[in-house]
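Provided herewith is a single structure, encoded as structure tokens, for subsequent inquiry.
The letters A, B and C name the chains in turn, as written, and every chain counts its residues from 1.
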Amino acid sequence: MKMTARFLARLTRHPADNRVHWLAWLLLGLLLAILPWLVSAGFGNTWLRILNFALLYVMLALGLNIVVGFAGLLDMGYIAFYAVGAYLWALLASPQFGLHWPLWAILPLGAGVAGLFGVLLGAPTLKLRGDYLAIVTLGFGEIIRIFLNNLNAPINITNGPQGISAIDPVHIGSLSLARPIDLGFVQVPSLVSYYYLFLIAALAIIGIAIRLERSRVGRAWAAIREDEVAAKACGINTRNVKLLAFAMGATFGGVAGGLFAGFQQFVSPESFGLLESVMVLCMVVLGGMGHIPGVIFGALLLTILPEFFRHIAGPVQQSLFGTVLIDPENLRMLLFGLSLVLVMRYRPSGLWPSPQRRREIEDVQRADAPADVPVSPM
Amino acid sequence: MDIFLQQIINGLVLGSIYALVALGYTMVYGILGLINFAHGEVVMIGALVSYSVMMVLVPSGLPPVLLALISVLVAAPVCMALAWAIERYAYRPLRHAPKLTPLISAIGVSILLQNLAMMIWGRGYHAFPDILPAIHFDIGGAQITLLQTVTIGLAAATMGILAWMIQRTSLGQAMRATAENPAIAELMGIPVNRIITLTFIIGAALAALAGLMVGANYSVAHYYMGFMLGLKAFTAAVLGGIGNITGAMLGGLLLGLIESLGAGYIEDLTGGILGSHYQDIFAFLVLIGVLVFRPGGLMGERVSERA
Amino acid sequence: MNSVLLRADNISKSFGGVQALKDVSLTLNKGEVYGLIGPNGAGKTTFFNCLTGLYVPDSGQFTFGDTPLISHAPDKTVRQGIARTFQNIRLFANMTALENVMVGRHARLRSNIVSDILRTPFNRREEQATEDMALQLLHYVGISARAHDLAKHLSYGDQRRLEIARALATNPRLLCLDEPAAGMNANETAGLRQLIEAIRADGISILLIEHDVQLVMGLCDRIAVLDYGELICEDVPAIVQQHPRVIEAYLGSGAHA
């Protein structure tokens, strides 16, 4: 019996040419390794900084993808966990309280505390679905921001709207990533060392996300997303499994937040507004909900493209009209809003959806087509 | 001065505005099951258009009341046209898509409108001119200004007309039928698409009025005002039971009172630990509390099972 | 031989003013195929939902084996060995048939999130065993060729089979089937009958809600009849068929006149 099953499994698995894969992965690895040097040589440090932020957003988007994409729980206050991770780092490694904890202590603690917040904020929302859940999580996100903004009195904890500055940079042992590192044959600039740190963290998170997707708990998340009642009837404790999704997603956010604080050496409530939550959600949705490569693509696209735009919009207008007609920042957001509307209309399953997800949405549309309400002229 | 009574009056003014905006959310949700995330921005556009019209007309020396009237007569059609366009181009094509799709589209519209407004009116705060003379009446130790009286009265009258329209006219009947079941309504010969468009347009007219009221009462308007206001009005709609017209009015007033009393007393209640700048938290706490403990709202049915 | 597997004592449940179940008591023996029949709205599915923990009964108690079912949490009921299917098929539509069955195994697996992330040797073995087992079950219900198709792309009859396979994956002692033959043609029904016989032969007891009288009479060892939420008789098919109240319930009181 077991033999037949094994045979069936082998028969039905897709064959892949392993050699080609190896080569592609090797090239990709090489590219990722030399990328910061290429970017800083070709485009300057501004773009290297943007690249580092792109990696932070990859971590955030993958964290939110666990909640929204895997488990189907629409969380619009996700940035709160990023804030928790960032502020925890800021409080434990800055002159604010005179504490200077090391990386290996704060980062896991930040992940853990963020995860705990995930459970605390997730627990009251377990019975809610769809857009109700979205609004409640949005409210939670705002509450956390309001607290960060106001916890400077009567006891000064967060330093209010001014934020916390002079945060310790990331240290690995006695090595500070804020200064160039001399390897003897080459000087590694600070931004490049941060790039490698963020890359390692991002790769770890990608690995975890991939493993979770194809595991017992990943299947349980998908089952809840598909049909909660049937999931219960399969013996899934839906409450615990949902909380696990919130916690896991929040953990990723906490890690990204801690790294952000160490990198920026400054945090303030302004970095954790609703627009940031929306931005991360858009990375997930535009990229392709639930599809890890799509989500990574979405995060990279939405970090890099707007920056690209910001940098060229001014000069282009200058050369075309002789003056800057529209503030590039303004124009950037204008186009962002517009592209959300357009992508939802023409590619509702995202720019790079999993093949399965695309089929699913097309099915929905096809099934609905005959019932469509004809457009009556106004 | 009686602080309690004063806060009640302030709460009623705030609540009337919330109620007007909440009606826009609740009517659209009732019919489409969609959170019209961009509705707050329509209020913002209404306020800013009113502001601009008034600023243009101030040199003419017309009496301020007339200025306000003209400005709302301009702002309302602008908002209605805007709402029509939003519905037609951002929501209608997505009517059968999964729930998340129109929500993201709505967020896109919201960002778009905010930035358009920022382009036109700039980032600054705009001070509204005084519409009514600064007369006030004393009631039991508290003061109510003429403007506040008119705001509450006008909101009440508008809502009364709306309620009458929905309950008594054939248009209202068609709206209720569409909310109940669009497919069946269609079969009964109701032009569903037109009803949906009209719902958006009516909501926008109320939003324009609310925009003027916000500007007049708090004498500021700026490109970012729509977001928080919209969120709170949505909370009010949920509090009353989303999809329920009476609920939206009640929820609006209640939320206005809760916020106003909360802001007035939070320092005493918490022994000075939390100050009045936590005012915004009340709306969210109410929202979360209602959805968790009574998801149908005060007047609604149970809706948490709705996917 | 005739040891009791499931005992229901005075189960009552009402919705608003409607009494869906009124003091229903019945016993199901080990190894039995036990039919639960009755006109539409008699309370059969409500009984299922109470048993499997989706509803909490207003009063009464279930005893399964030697232990009372107290918690009324669906996942705990599954752990205790009661699995079910749904009247209107509820599969995970956008997951493959294989994944559907693997989800059914959830409660019997011991991997947790940490071992999932670390991919421990234990975890790998368990995943492989789960996949093997799921394929076996698909083979058992006769749809192994469709293992990698999305559940929603399966034919109606195959979806019913897949739902049974998913329920079997929970390793139940009692399998509750809610109208498994609904919407099936004669051929499919015959196949279903064979499948149920095979499951019984493997030592799993079956509680069956079904409208197809022939199927019920031919398959069940004993039958309980519900009408307006009340148990009107519980016996072997031959006697149930002759029971005056059953005839009345099915044909209306006019049948006597």
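Here is the rule we use: a contact is a pair of C-beta atoms (placed from the backbone, for glycine too) under 8 Å apart; a residue touches a chain by one contact, two chains touch by 3 or more.
These numbers come from a predicted model, not from an experiment.
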Maximum centroid distance from subunit C, chain identifier (CA atoms)
B
Chains sharing the largest count of C-beta contacts are A-B
Approximate Å spacing (C-alpha centroids) for the pair subunit B, subunit C
50
Approximate Å spacing (C-alpha centroids) for the pair subunit A, subunit C
42
From the C-alpha centre of subunit A to that of subunit B, how far is it in Å?
33
For a test of understanding, state which residues of subunit A touch subunit C in their complex under the given definition.
1-2, 4-6, 8-9, 12, 208, 211-212, 215-220, 222-223, 226-227, 229-238, 244, 248, 356-357, 359-360, 363
Within the complex, subunit A is touched by subunit B residues 34-35, 84, 89-90, 92-105, 107-116, 118-119, 182-183, 186, 191-194, 197, 227, 231, 234-235, 238, 272-275, 277-278, 280-281, 283-285, 287-288, 291-292, 295, 303-307
Sites on subunit A touched by subunit B in the complex
74, 124-125, 127-132, 134-136, 138-140, 142-143, 146, 149-150, 153-154, 274-275, 278, 281-282, 285, 289, 326-327, 330-331, 333-334, 336-341, 344-345, 348, 361, 364-365, 368-369, 371-376, 378
Subunit C - residues contacting subunit A, complex:
52-54, 73-75, 78-79, 83-84, 86, 90-95, 99, 102-104, 106-109, 111-113, 116-117, 119, 123, 126-127, 130-133, 135-136, 139, 144, 147-148, 150, 152, 166-167, 169-170
